[in-house]
Amino acid sequence: MGGMSTKQRIGWVVITVVVLLWSLFPVVSILMTSFKTQAGLFSGKFLPPEWTWENYATILAPGGSAQDLFLPSLRNSIGISLISTVVAVVLATFCAYAIARLDFRGKKLILTTALAVSVFPVVSIVTPLFNLWRSIGLYDTWPGLIIPYLSLTLPISIWTLAAFFRQIPWELEQAAQVDGATPFQAFRKAVVPLAAPGVFTTAIIAFFIAWNDFVYGISLTSTSAARPVPAALSFFTGASQFEEPTGAISAAAIVVTVPIVIVVLIFQRRIVSGLTQGAVKG
Amino acid sequence: MRRPQAAVAVMALGLTLGLVACSGESGPPVLTWYINPDDGGQEEIAARCTEEAGGDYQIQTSLLPRDASSQREQLARRLAASDTSIDIMSLDPPFIPEMAAAGFLAPVPDDLQDTDDVVQGAVDSATWDDELVTVPFWANTQLLWYRESVAEEAGLDMDQPVTWEQIMDAAAETDTLLGVQGAKAESLTVWINALIASAGGEIITNPEAPADEVQLGLDSDAGREAAQIMSRIGQEGLAGPGFPTADENASMNLFAGDNGSFMVNWPFVYPAISDSDPDLIDDIGWTIYPQVEEGTEAATPVGGINLGVSEFSEHVDLAYQAVECIVQPENQSEYFVTNGNPPSSISAYDDEEVAEEFPMAETIRDSLDQGVPRPQTPYYNEVSIGLQETWHPPAAIDPDTTPASSAEFITAVLRDERLL
Amino acid sequence: MTTPASAAEKATPTNGKRRRGSDRSRSEARLGWYLAGPAFVIMLLVTLYPILQALWDSLFSLRLTALDETEFIWFRNYQVVLGDPAFWQSLWVTVLITVITVAVELVLGFILAMVMHRAATQLRGIVRTAILVPYGIVTVVSAFAWFYAFDINSGGYINNWFSWLPGITEDLNWFAAQGTSMFVIIASEIWKTTPFISLLLLSGLAQVPGELEEAARVDGATGAQVLRRVILPNMKAAIMVAVLFRALEAFRIFDNVYIMTNGANNTEVLSLLAYNTSIGRLEIGLGSAISVLLFLCVLIIAFIAIKGFKVDLAGTRGDT
């Protein structure tokens, strides 16, 4: 990319600016909403006529009316999403490796199942799950959400990783096997280093999916013991039940977006190396 | 090193206490009260009653979602599974018949059956099959709020009850906008019910009938008059462009804005506007809900919260003791002052602080006395959503056909022949 | 290199003995199931029981608040659902949203992937970080962001900004009509999920052998020719996977519709219809029937994609 003309350089900057505007605009928009006063909310303006931290105080400060609602849900969202991501990615790595690499009967069945599960209408599982969870004591607990979240995170992890593993030059592994390594040793020594970037990408996808859930969160919890943030937003209220909690929702939206931005900033580099210079080009 | 040790000791103590509380053997029984979101008032009352109980019981609150139908859904699903963890419930009145008919509510003891001190609208909403099945807690009603400057400009005498036609003409004349709730939501049913009842009709003529025998009173003169009013406001744009999606909050903002004129809404608007725009308050007046036919008293919308005790509670008697404590007039008037939710108890309105904070308290009480609840049927959810499905957007209502076709649709839904 | 997968497929379960290199392949099969088994079992447990339950429930007239009136009615729920225009209306809305979003996203996603693939190193990081933000954002949050920007009752500013465009006035209520509501719902869906497609496409793009591209250029191919002859054919698998996943996900759209319109003005999608029936109305029987039909729809789409377009992730070594 060294020999870029000035024209090309300007072109790229313009493209970058357009992408930035498109990607960040709604976030900036709700950020601005979160700084508006009650009166400013209805001004029809993008920028707050008057800036205020009041909405953040509502959800974060001790004594804020939505604080009891928001902070526990934030803790739940982080914990539940992380655990279900780790579990899903570990299981999916083994599973996808087997599918992409080993010869055994039933891999079509596994992939078909994964696809069927991943496209499963969450709404239709929720009612029977609710009854089952209640009778075995998982209702309104972390495992009660982690397990259904696996149904969201596992299939996509398996498919993404299987697709990824197929692109890895398996000659290396075969070479290792020829050298007398067992399939598992070959997997660990030759494949894991090549696969790691793909696994990270998958982890991001799985985490975001778990973090994103709304229907399970709202149906399988009833208290702040397990209620995640997206579900908690519908419990917010203004000074009375008829007042729209626009400001508080916006502030909470920004707070749950911050971890996303952090995760993106940390993992962005992994994706870069993982997807572009990973196994194939190397 | 003393601090960590102390912390460990405290944690151990906490753990032990937690275990003791869970065992349920020692310590007062814990009653769980499922509350709708408010400004913290119910939690305060719970703490006060726990203290007053002197160790007989302990009330713990648990929050329900913001909108009434989600509250109903959470409670109904758990009650259908005979969940013992629910003791007291804050219930939105329209959903009470459904819970009562399903046998989810424990019978109200005799000493709580006395309703002499309760406004009529609240008593009606707490009754199913001629029996009081819940205990009225607070009662809500819509008033007609107006901008004095606009009423003056239009030459309306607001000391007399006004009609819908008068305020529609006034808004058209003065080029201002009406605050009414045209969104596809529960507020639309509230409005339809008030209009039909004010015109002397009923949405359901036999509310206690089983689903396949329910008779709807929509296809009537009253139904057509209601449709006429709604469609005129929609078609002439009398409530502005936001009308088809306007809920209570949006109507309030419109009313408080430059084009505000008249608005039907709950009393929460008063503290809310005082807060956001104190200068405006001097221009704001209130009176009883508008009439449909001149000279016929309006059927005002009523809402609020009643307290129900779960049939599956392990402490039904204690729960009713707690309810008795919660609904004391003093608690109700304080709840009104701090949270803006009007009492169902008549004597609670005598409180001095109430009169000071809410100068319209007397109008509220009068309005509650002429209130007509929404249809009291176990199939309320179907009826309400069926109405919203067919009477929305208001501009598309045809007074000649909508009442009949909506009646047909809801009947089919109740017979499980149509989806909603 | 052999193609054991196709050979294995032809074998029946009981004739393992006939397979070549039996010891090795048997241990490979065992390892395969050891590795894949746990994920498989969990997926089955979490979904198989509930869907069977839903299937069973759909044969009953079952209302949660009137359990003693429960009655076995065979397929009458399906008869009601399939005979109701409301079902077909929401199916149509769902299909419309799916087709438009996937088509637009495929184009946008490919452009974004190309941008990320080609951008100079300094810009690349910025672009990638930026597009990952919409992807990572909670759908509910994005729905609120778009809703507040457009809704005139919540002080939306879009009308003020774009009033110079024909058809947009200060008084336009986006959520009062089907077309405009759908526009905002689809726009928010596209914004939120284009990065997903572009990430998958980018991973496909990274697999296109650079030498081929270079060779084509040396041979004098234009950019468009390189794209059509070299890049796209090599990315076919990635494109099909991206489209399939997005289409199936779009078909289940729920969160943004629930928050923005809750189905008003004929914007009700299938998931919302199922939710409102089984959870809102507590009509478990009817709701389960809609859920089962919804599930059948996605199965059909998946089947068409896999059989018709030969999207095949199960392809093993040596299939290229």
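Order of writing sets the labels: A, B and C. Residues in every chain begin at 1.
Basically, a residue touches a chain if its C-beta (ideal position, glycine included) is under 8 Å from a C-beta of that chain, and two chains touch if they have at least 3 such contacts.
These figures come from a predicted structure and were not determined experimentally.
*Asks:* Does A-C or A-B have the larger number of C-beta pairs in contact?
*Replies:* Pair with the higher count of C-beta contacts: A-C.
*Asks:* On a CA-centroid basis, which chain has its centre farthest from chain A's?
*Replies:* If we average the C-alpha coordinates per chain, B ends up farthest from chain A.
*Asks:* Can you work out the whole-Å distance between the CA centroids of chain A and chain B?
*Replies:* Between these chains, centre-to-centre, one finds 38 Å.
*Asks:* Suppose each chain is reduced to the average of its Cα coordinates; what separation in Å results between chain A and chain C?
*Replies:* The answer is 15 Å.
*Asks:* Taking each residue of chain A in turn, which ones touch at least two of the other chains?
*Replies:* Within chain A, the residues that touch at least two other chains are 42, 131, 244.
*Asks:* What positions in chain C touch 2 or more of the other chains?
*Replies:* Residues 152, 154, 279, 290 of chain C touch two or more partner chains.
*Asks:* Which residues belonging to chain B are in contact with no fewer than two other chains?
*Replies:* As it turns out, chain B has residues touching two or more other chains at 77, 247, 249-250, 253.
*Asks:* Show which residues of chain C lie in contact with chain B when the two form their complex.
*Replies:* By the definition above, chain C touches chain B via 61, 64-67, 80-81, 84, 86-87, 151-154, 171-173, 175-176, 262-265, 273, 276-277, 279-283, 286, 290.
*Asks:* In their complex, what parts of chain A are in touch with chain B?
*Replies:* 38-39, 42, 65, 69, 130-131, 134, 222-223, 234-245
*Asks:* Spell out the part of chain A that touches chain C in their complex, as residue ranges.
*Replies:* Against chain C, the touching part of chain A is residues 1, 4, 9, 12-13, 15-16, 19-20, 22-24, 26-27, 29-30, 33, 36, 40-46, 91-92, 94-95, 97-108, 110-111, 113-129, 131-132, 147-148, 150-151, 154-156, 158-160, 162-164, 166-167, 170, 183-184, 198, 201, 204-205, 208, 211-212, 214-215, 219, 229-230, 233, 244, 246, 249-250, 253, 256-257, 260-261, 263-265, 267-269, 271-272, 275-276, 278, 280-281.
*Asks:* Show me the residue ranges of chain C that touch chain A in the complex, using the header's touch definition.
*Replies:* These residues of chain C touch chain A: 4-5, 8-9, 11, 13, 25, 27-36, 38-40, 42-44, 46-47, 49-51, 53-54, 57, 112, 115, 117, 119-121, 123-142, 144-146, 148-149, 152, 154-157, 159-161, 188, 191, 195-196, 199-200, 202-203, 206-207, 209-210, 237-238, 241, 245, 248-249, 251-252, 254-255, 258, 270-271, 274-275, 278-279, 284, 287-288, 290-292, 294-295, 298-299, 302, 306, 313-317.
*Asks:* Which bits of chain B are touching chain A when the two form their complex?
*Replies:* Residue list for chain B touching chain A: 36-40, 62-67, 70, 74, 77-78, 81, 83, 247-250, 252-253, 257, 266, 268, 271-272, 275-277, 339-341.
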